[in-house]
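Okay, so chain A shows up in both of these, paired with chain B first and chain C after.
What follows is the complex of A and B.
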């Protein structure tokens, strides 16, 4: 599962929907196995678009869970036109590409900060199903 | 006509693409200009519920519906077999990790997704009327039961579909649209009339077709208050 996906997954327990703690899930850094896939192509257009949709505070939290505390505190504001990006902006986008798309969690666990339910990632597939008594 | 993906799956474990699957593909193809106009040059987050073999999501990725370079595809299924099949089908059709952003997530419908994120929701539900919706199997090996989950929709075949319709406002982004398949026994006309009357959705018939003794249809749901776009 790509790092980017952590920005879309919340706890499946419906009672947690009224809480602000059901997103992002809290990743257990000691149990998450990360893999870099450098074959994934750099697409500035996609990144500029997705940046708009990203909840930056959640990116910071998950990155910190996984041991990366070097991100800028605020979401980078970039020129929306791909052809007019400065060299500096290109570098920021490259870094985001490395983090969001090239980094995957292949094994790991994460839990809801509200109810404490633990979910697992196996073989790169996150499992957000609940046991029958919680579903 | 856009090419149909090549599929090679074990149909003892996942739903074999059939008339309903092809009607969903045809509906998306028919709506391509609508989608392109709606999402032009912008990111679209595509979410398919119950991808099964992966035919629909792969079709969308392969043919760039709505746009290959700016879309992110989430395939959500309750069955572990379907998730593996979806990944395989994408690979088989050369939608590689290199240049397509597909994520498969084991999830009960969209309960695992943050609210109002999906721009294009596609759902070919378990629409066959049955006494009950089957229980979720407790092990991977109960393949027959996993298959039943892909087919049986409880009363009027609508129990699962109704859950998704009730959640549309939570699932869809402000300009989001949903494509949902029905069979005649789901009584879609009644449902559509009721939804349009009581809820803020515009519902339009995209495609319908007689398939054997079944009449299948695909409807597009979008917010009726379009001024928020």
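What follows is the complex of A and C.
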């Protein structure tokens, strides 16, 4: 599961929707195994548009869960026009590419901060099915 | 209960047939391909019931999260391409953030829910993940399949069980030749003193009887295992529940789910609707 995917996943339990604690899920840093795939191509225009759609506070929380506290506190404001990106902006975008698209959680677990239900990631695949009593 | 029927005739079956099913699912349908290619650069979407993920890399300029209720099918998707973004989730309890995605697709999925109420609920649930104004492409099997070999047509029962015949795995293991009847030679008694011959013959007969019994038991066991294999073969046909949509019904369900119907059509034995989140 790519790091970016964590920005779109909440708890599957519908009763948790009334809480603000069901997103993002809380990742157990001691149990999560990360892998970086450098083959994933850097495409600035794609990433700029994705960046527009992500929730930065959730990126910060999950990164911190996984031991990365070096991200800027606010979402970087980058030039929308790819050709006009400064060198500094290019570097920021490349770092985001490494984090969001090249980094995957291949094994691990995460839980809902509201209900405490734990979900597992095995062989890169997160399983968000609920046991019958929670469905 | 509706969900128990879905467990038995949808969830369980897809896990059992996953790898065989996946081998048969590789051709993307043209209208789905067009819908995906029409999305703008950097759009994010969901594919609910993505199966082996054949729609996940049609358009490399969008980020799609594919989900399926069957972990067997999701494993197939991951094996086909480990760059696919896939997860295991139930279409009625999706873990995706609400009002977030630019678009959604659900191809040949909604027809597996066993009541109309649940099908509408499922459409509504996927729509809840899409932004206002975002589009949702849905495909369902049609009742009107005049030209297909299955021959479903108007006026037939719409709730059907469709067989999936698994490929036979162990072909040719039952080609043992007929066993030769062993001719049993009488023992040579010349070396046995005459007064011991009666006892010797009695023991010999006893041994032969034992051997015969063992032989018989072996044959019985072979017969049983053969029968078991036959049963397994019969067991290799799995039934999946389908609701065959009649003309206009999918539009009605989308409207009941609170969507606006943008366009609709028929392609390859399926009805499709592009619905818009209001």
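We adopt the following convention: the second predicted complex is superposed on the first by the 135 of 135 C-alpha atoms of A that agree within 3 Å, B and C clash if a C-alpha of one lies under 4 Å from a C-alpha of the other, contacts with A are read in each partner's own complex, and residues count from 1 in each chain.
Rule of thumb we're sticking to: a residue touches a chain if its C-beta (ideal position, glycine included) is under 8 Å from a C-beta of that chain, and two chains touch if they have at least 3 such contacts.
These numbers were taken from a predicted model, which means no experiment stands behind them.
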Contacts of A:5 with chain B and chain C, given as first, second, both or neither: both
Touching partner for A:126 - first (chain B), second (chain C), both, neither: both
Partner chain(s) touched by A:16 [first = chain B, second = chain C, both, neither]: neither
Chain B versus chain C as contact partner of A:62, first or second or both or neither: neither
First, second, both or neither for A:50, with chain B first and chain C second: both
Which superposed partner A:110 touches (first chain B, second chain C, both, neither): neither
Chain B versus chain C as contact partner of A:93, first or second or both or neither: neither
Contacts on chain A seen with chain B and repeated with chain C across the two complexes: 1-2, 4-5, 8-12, 14, 17, 23, 37, 40, 45-46, 49-50, 52-53, 125-130, 135
Chain A residues touching chain C - in the complex, by the definition given at the top: 1-2, 4-5, 8-14, 17, 23, 37, 40, 45-50, 52-53, 123-130, 135
Chain A contact footprint on chain C (complex, rising order): 40-44, 61, 63, 65, 67, 69, 71, 74-75, 78, 82-83, 85-90, 92-98, 100-102
Touch list for chain B against partner chain A, complex: 42-43, 45, 69-70, 72, 74, 78, 80, 83, 97-99, 101, 103-108, 111-115, 117, 135-136
Chain B partner contacts - residues on chain A that touch it in the complex: 1-2, 4-5, 7-12, 14, 17, 23, 37, 39-41, 43, 45-46, 49-50, 52-53, 55, 101, 125-130, 132, 135
